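All chains are identified by letter, namely A, B, C, D, E, F, G, H, I, J, K and L, in their written order; residue positions are counted from 1 within each chain.
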Amino acid sequence: MTMVRSTLPESALRVTGDALQETLVDLLGLSLIGKQAHWNIVGPRFRSIHLQLDEVVSTARSYADQVAERAAALGVAPDGRPETVAARFALPGTKEGWLRDNDVVRLLVEALTTAIGRLRERIEATEEADKVSQDLLISLTAELEKQRWMFEAENWPREDA
Amino acid sequence: MTMVRSTLPESALRVTGDALQETLVDLLGLSLIGKQAHWNIVGPRFRSIHLQLDEVVSTARSYADQVAERAAALGVAPDGRPETVAARFALPGTKEGWLRDNDVVRLLVEALTTAIGRLRERIEATEEADKVSQDLLISLTAELEKQRWMFEAENWPREDA
Amino acid sequence: MTMVRSTLPESALRVTGDALQETLVDLLGLSLIGKQAHWNIVGPRFRSIHLQLDEVVSTARSYADQVAERAAALGVAPDGRPETVAARFALPGTKEGWLRDNDVVRLLVEALTTAIGRLRERIEATEEADKVSQDLLISLTAELEKQRWMFEAENWPREDA
Amino acid sequence: MTMVRSTLPESALRVTGDALQETLVDLLGLSLIGKQAHWNIVGPRFRSIHLQLDEVVSTARSYADQVAERAAALGVAPDGRPETVAARFALPGTKEGWLRDNDVVRLLVEALTTAIGRLRERIEATEEADKVSQDLLISLTAELEKQRWMFEAENWPREDA
Amino acid sequence: MTMVRSTLPESALRVTGDALQETLVDLLGLSLIGKQAHWNIVGPRFRSIHLQLDEVVSTARSYADQVAERAAALGVAPDGRPETVAARFALPGTKEGWLRDNDVVRLLVEALTTAIGRLRERIEATEEADKVSQDLLISLTAELEKQRWMFEAENWPREDA
Amino acid sequence: MTMVRSTLPESALRVTGDALQETLVDLLGLSLIGKQAHWNIVGPRFRSIHLQLDEVVSTARSYADQVAERAAALGVAPDGRPETVAARFALPGTKEGWLRDNDVVRLLVEALTTAIGRLRERIEATEEADKVSQDLLISLTAELEKQRWMFEAENWPREDA
Amino acid sequence: MTMVRSTLPESALRVTGDALQETLVDLLGLSLIGKQAHWNIVGPRFRSIHLQLDEVVSTARSYADQVAERAAALGVAPDGRPETVAARFALPGTKEGWLRDNDVVRLLVEALTTAIGRLRERIEATEEADKVSQDLLISLTAELEKQRWMFEAENWPREDA
Amino acid sequence: MTMVRSTLPESALRVTGDALQETLVDLLGLSLIGKQAHWNIVGPRFRSIHLQLDEVVSTARSYADQVAERAAALGVAPDGRPETVAARFALPGTKEGWLRDNDVVRLLVEALTTAIGRLRERIEATEEADKVSQDLLISLTAELEKQRWMFEAENWPREDA
Amino acid sequence: MTMVRSTLPESALRVTGDALQETLVDLLGLSLIGKQAHWNIVGPRFRSIHLQLDEVVSTARSYADQVAERAAALGVAPDGRPETVAARFALPGTKEGWLRDNDVVRLLVEALTTAIGRLRERIEATEEADKVSQDLLISLTAELEKQRWMFEAENWPREDA
Amino acid sequence: MTMVRSTLPESALRVTGDALQETLVDLLGLSLIGKQAHWNIVGPRFRSIHLQLDEVVSTARSYADQVAERAAALGVAPDGRPETVAARFALPGTKEGWLRDNDVVRLLVEALTTAIGRLRERIEATEEADKVSQDLLISLTAELEKQRWMFEAENWPREDA
Amino acid sequence: MTMVRSTLPESALRVTGDALQETLVDLLGLSLIGKQAHWNIVGPRFRSIHLQLDEVVSTARSYADQVAERAAALGVAPDGRPETVAARFALPGTKEGWLRDNDVVRLLVEALTTAIGRLRERIEATEEADKVSQDLLISLTAELEKQRWMFEAENWPREDA
Amino acid sequence: MTMVRSTLPESALRVTGDALQETLVDLLGLSLIGKQAHWNIVGPRFRSIHLQLDEVVSTARSYADQVAERAAALGVAPDGRPETVAARFALPGTKEGWLRDNDVVRLLVEALTTAIGRLRERIEATEEADKVSQDLLISLTAELEKQRWMFEAENWPREDA
């Protein structure tokens, strides 16, 4: 028995529901590792990165809420329980303990680059299925690409550059 | 090599660090299941409980930040990574999918009751070790007991009553 | 003689103008029945639904303004006069007099579901004609689907479920 | 069966209920034609009148809410449905399409003058029946007379002057 | 010796002073039983009524202040001491201990109905004596009738209906 | 030729217009002597009275604006020019130069008492002519009586008491 | 049958419940006599003390709410009804009618001194029973001692000094 | 006997005191005629000029306060009584009754031009006497010149141009 | 060597980068000529257009920032230097010196119409290349079309109409 | 080696640097004795003076920051260390312990008079050296003279008057 | 034909007009290169300098507006068109493309130093011509010198130091 | 003769008074050296540390006020005069003149570590004497340990690490 009925047809719903559920896990995981770095960072750039990380966390939390409520609005029960986040989180994570500031910057560039790549695939996937959900994923991508640029810009000179 | 030196002696530090780390996991887990219920609740009391759950989440997130920064301030690296939260979370959790409103109320009473019981033990444990951390745990307990009362009050008539 | 010249070619303008004009009537009508229910609701869920209805009205009014100004910006005079709203309003309406709370919830689920179905057709229709107007309809749909979910969630257990 | 019981005796209730219901229709209609003019006005005074009209709409909406809730508070179910507003609206209305700025000013002077005349009769009628409702109609009249003066002042030189 | 001289003649002063003093006691008592119910309510409607009661208390406190300062402004020393409130409070009170949500709603309907009846008599009494004080009593009555309607609306279905 | 047409009949207009014009002069004059005292007061109660006087000025300015706009709204051109205020001001004024704090308190008691006496006559006069203007004068009187009480209360012990 | 279950063992609960209930009565009584003095004070220090008394009332009301909700959170139904406050209020009260400013200052010093003495005993009593409630009483004491100092400081020169 | 002693030598004080006293009268008079025009203006530019005049009044009142407090700060008792303002006001005034919008614009250009000319003389006069007061007159001149420009700019095409 | 790496493939990057760079120049130029008109406008509509122009400038500046940061986020260095803006600005400009109000309105209609036409081409161009950038251009177009409508509406009667 | 290079020539720099450094010490000292009096004052005027002193402290702190940053901006390292403030503070100080209210008023008049005299000399000294710093000293003097007037006005009747 | 007449004599006007026009170009150019650096900066100090540059841009824009409106107020049409800014901008500019953080800091020190040197000459030039404009240039210089110090302070150790 | 009577017994008062007085000096000194570093810091981390130091100063000032008012509330006159702060300040101070950014970070770690050590002793000392004062010292310690951690975290790599 469905508790919340959908306004989307079945197949469109499956595609959209998957895209939103995966995005939810990415964002909840990102908010946890963002806070982890916020608390454990050390080094001369501490304060600057410490503050910047809270903007990542704030973005991740706010979009997680929008994405999960969008899933619910379509009749798909979102899953953001601790065990789900831990089991399905697919972005680069972080080791235990104190983290040097330069390592944090590199970690964020990598995590955000991975998240963006995954989002761009879901933008394609939802084009036909649900333009409304696609629109939400587009605005999330814009925000994450902006934050990725800032970490990339301060990641310079890069080791590979 | 310790990156952040402590202002506490070694044994006091161990007791306090454990109390804070366990509290951090309780709070991060509570914020995740609070949001899970916020998104998945159904039933005539939807709106009222939906809003009340966001106050629980907001409390849990704000105190998680204070507790983790308190640990860091004492020279203990806090651990709030997804895998840590999933592995060590010890409060009652929730099943997947839609949740009926009465069940959500009961879940919150149980989760908060368990959290409070664990906190009262840590308040005892930190009495000697660090009064400053104890004070933080006391004010967190006051807040969670207030929120527990509200769910308890609307959990009436109880099945066992 | 055209008073405000359009930045769109003729045929695109006709499609877009129709989509916007119909949406305007849906929203003005929705704001009126939303207020009607806000004032006439009775039953134990009075306060919760009473407040929630004001959010529907606020959304409807704000988007009515954006939709009408978008029409004007394209050179189409919008029509939101009382006689037009009454004659062309196509969502489920409400009877005169006091309304029971459960009936109000069901009414809103139905009215919002109808409005969303009509909007999804207009999103298709404007894809070629005017992406800018389409974008406005998409964000309106997202908002109405969110509000529909909330009424649907508190409409449970449904009579047909 | 009465759902909301009244604190007024029967005959006083009928007089007061009629006065409030008619005022509600005047105000809802005024808010719709105010917005209609806000969107369709053209001419060199566009911006100035466009902004002023939103103040009329804001006043009309705010008092419509107070008047309807006053009726409900007395045990009379208010009726503000689209079909009621269209059928019973008795103020001068407006034609379809773009409106020249000078015509809008004249329209507002006339609509507000008519509304005020009707209100002054209801102030007399409610003197004995319900001083509390009378007080609300007095403060509404003060506000509409102020707005009427402003349109009258910028309606000068008048054609008949 | 009079400490604050009055701007009213003697007999008008006596009538007005009595009306204000009695209203002050009604309001202070109402604020106390409103808070009592705010703290002791249990049942599934807990959160909704708990919040609504704070609006009653806030209204009662704010008008108590205006009424007492109005008395002082006329040269009558207002009396709001604990013993006076307890001795002269004439609205329905509440029993000790926890209160079920439905009982709280019924209690508020009764207390507010009684208060309104008493106020309407004082509005008559002050018509000749002091129109300025009458105006204050009228606006207080409007506010209490609005709050009474809300409890009445959610008191439905009534036992006697 | 009348520039702004009235919504009142001729004789009611004359009575109301006079009441408003006289009140306007009282308030503009009061705002000037209030500021004069605000600037020239000396003595140990300087700061307390200095601040209190600004509340009188603020009240006087705000009501002067409402009263003048009310006159204009009725089609009576208000007159608040410097020469008019000086020629027709009928409240007790103040001498040139520094003013002792106790003298300022007495001055304000007298000026406000006179203003209130004049207002109470105009409230009677406008009862038939225009209830809307009467309502404005009533609320102004309430405010001035409150401010008069405060100066009276701190004027104690009085020389004549 | 207990409606709200406690997180405290029975004996600790009794000690804590008594401390909170007595504090609640002290604070509600204090808020009533604070307002009584706020309205009835006369003398040259009127304005200064009049404003200061509202800070006492505001503190008393805010802590009364926290104390009563703390009791409820522990499963003890708080009692703040008019008859309870009048019967159990144990601080120095005030006579009827106008009050001279110096007498008000002395009254507040005495009432606050008594309240603080009673609170210090309850801080001792709850040390073992409930550190969380003790923490609330400590912060209340700090606030009342600050307010007492201010009245004491302006009570100088004292008759006994 | 001087009540407030000066921090300036006698001759500098006389020059500065005169400059401030004359400026005070200019500003109080300007605030009165600004309001007079605000209330009595008619014509198609009503709303635009009506709002702009309130900015002139607000500037005049705010600087009148600064100028008068500056005089008091130097030990010169400022004089802003109604009779003083009427007797010494030297800017162009306005006739009684309704004012056409174009005439209001011209009046303001003239009044502000005169005021600025007088201020520039006082800036010269206070250069030696008191640089602190000079600074206040300079910032006032900047503000009035800005407001004069705006009326001048909308006074175009001018009759003499 | 690339300092900021892109999340887009090479050819999509070139198309998107060009669209953003050209939009940046349009917006910076628009902000400069908007301010130029804001300062140099004369005529009876001065105040109304003067204020409206600041909204254009504010929009242009805010979107210039978003567009440039979007380019940087994609790894394209934006170019908004004075010499670049002057050399590549392709909207209608304005002559030196004072500008009559009607001319300003016409200028803005033309400048905004040109800007919108160019934006609609870039919306097409970026459809395939980068939906995220396209979304930003769409919302900018919506805003400029709204502002163009307002100037068009007050440009009536048009010389060619 | 100079760390921050100056934009002023050497001799102008010396004069200006000295003026700023001395002003910094005056202001830091003033903020400390202002707080000292704020905490230690006793007597019937306690509350009024207690609040007024915080305005002095707030002014002193805000200008100290501006003055020190002005020095740094010119390439002069400001010195506000505890030992410097204690050694070079040249305004009248205060004794240890409680302070009677009248004595506090006198102390502030004296301290502010001395500070103003010293500032007037520095205004002269910086006229040639740096008009920008002079401007800061002028606005500080205006503020201190205003605060001195207020204490002087409430210092009346003076012992020597 | 002059559209806006001046309050200054001819020769003073020419000197002042030139000073204001040149300052306008400096500020508009500075706002453009400030934004250019804000967008193109890379390196570990990215975030810190990125934020600081927005304060420079905000200052430059705000003062450009004041300076241009000051020119207009004096009857001189200000010129801030793109071609004018590009042709007459005389501060050090920046190259195209990404900019390293250390280079940005050096660029800002140089640009601000040049701007300040030019302003100090104009402060001299306007001393006789117009003290009101001079005052504006003085406060602008104070602000730019403060911002220059901050970049200078973080430019250390300098290559030439 | 004691001016403010204490609510504590003599010996408890002495212990508590000493703890508060010493803390007051620590905090006032810390606020002065924090500002000194805020003004004199140079180096590439200027902006980041410059801002962080203002948070230390703000904390120090706010707690100094609470600590001093707590002393006064207990009947102990607090001493924060310049000479007292200079003579008794026991934290590490700073040399005159410009300060390199790394040195500032090290200085703050040391000063805060010292302050925290002293506070922990006073927390022990006041356990018996006055729990209310102890509570204030505990929350101050929590705040300073948080700020110390931040400086410690950015002090890495340490010379001794």
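By definition in this document, a residue touches a chain if its C-beta (ideal position, glycine included) is under 8 Å from a C-beta of that chain, and two chains touch if they have at least 3 such contacts.
What you see is a predicted model; the values in this text were computed from it and never measured.
Undergrad: Name the pair in G-J, G-L or H-K that forms the same interface as D-I; by residue number, over half of the contact pairs must coincide.
TA: Repeat of the D-I interface: G-J.
Undergrad: Identify the chain pair with more contacting C-beta pairs: H-K or G-J.
TA: Of the two interfaces, H-K and G-J, more C-beta pairs touch across H-K.
Undergrad: Could you tell me the distance, in whole angstrom, between the mean C-alpha positions of chain B and chain C?
TA: It comes to 41 Å between the two C-alpha centres.
Undergrad: Starting from the mean Cα coordinates of chain D and chain F, work out the distance between those two points in Å.
TA: So the centroids are 32 Å from each other.
Undergrad: For chain F and chain K, let me know how many angstrom lie between their CA-based centres, rounded off.
TA: Measuring from centre to centre gives 50 Å for this pair.
Undergrad: Which chain A residues sit where two or more other chains touch them?
TA: Counting only residues that touch two or more other chains, chain A contributes 3-4, 42, 45, 48, 69, 72, 135, 153, 156.
Undergrad: Within the complex, which stretch of chain I touches chain C?
TA: 113, 116-117, 120, 123, 135, 138-139, 141-142, 145-146, 148-149, 152-153, 156, 161
Undergrad: So in the complex, which bits of chain G are touching chain B?
TA: Interface residues on chain G, with respect to chain B: 1-5, 7, 69-70, 72-75, 131-132, 135-136.
Undergrad: In the complex of these two chains, what residues of chain E are touching chain G?
TA: Against chain G, the touching part of chain E is residues 3-4, 28-29, 32-33, 35-36, 39-40, 42, 61, 64-65, 68-69, 71-72, 77-87, 89, 93-94, 96-98.
Undergrad: Taking the complex as given, what residues does chain J use to touch chain F?
TA: Contacts found on chain J: 45, 48-49, 51-52, 102, 150, 153-154, 156-157.
Undergrad: Under the definition above, what is the set of chain E residues touching chain B in their complex?
TA: Listed in rising order, the residues are 41-48, 50, 100.
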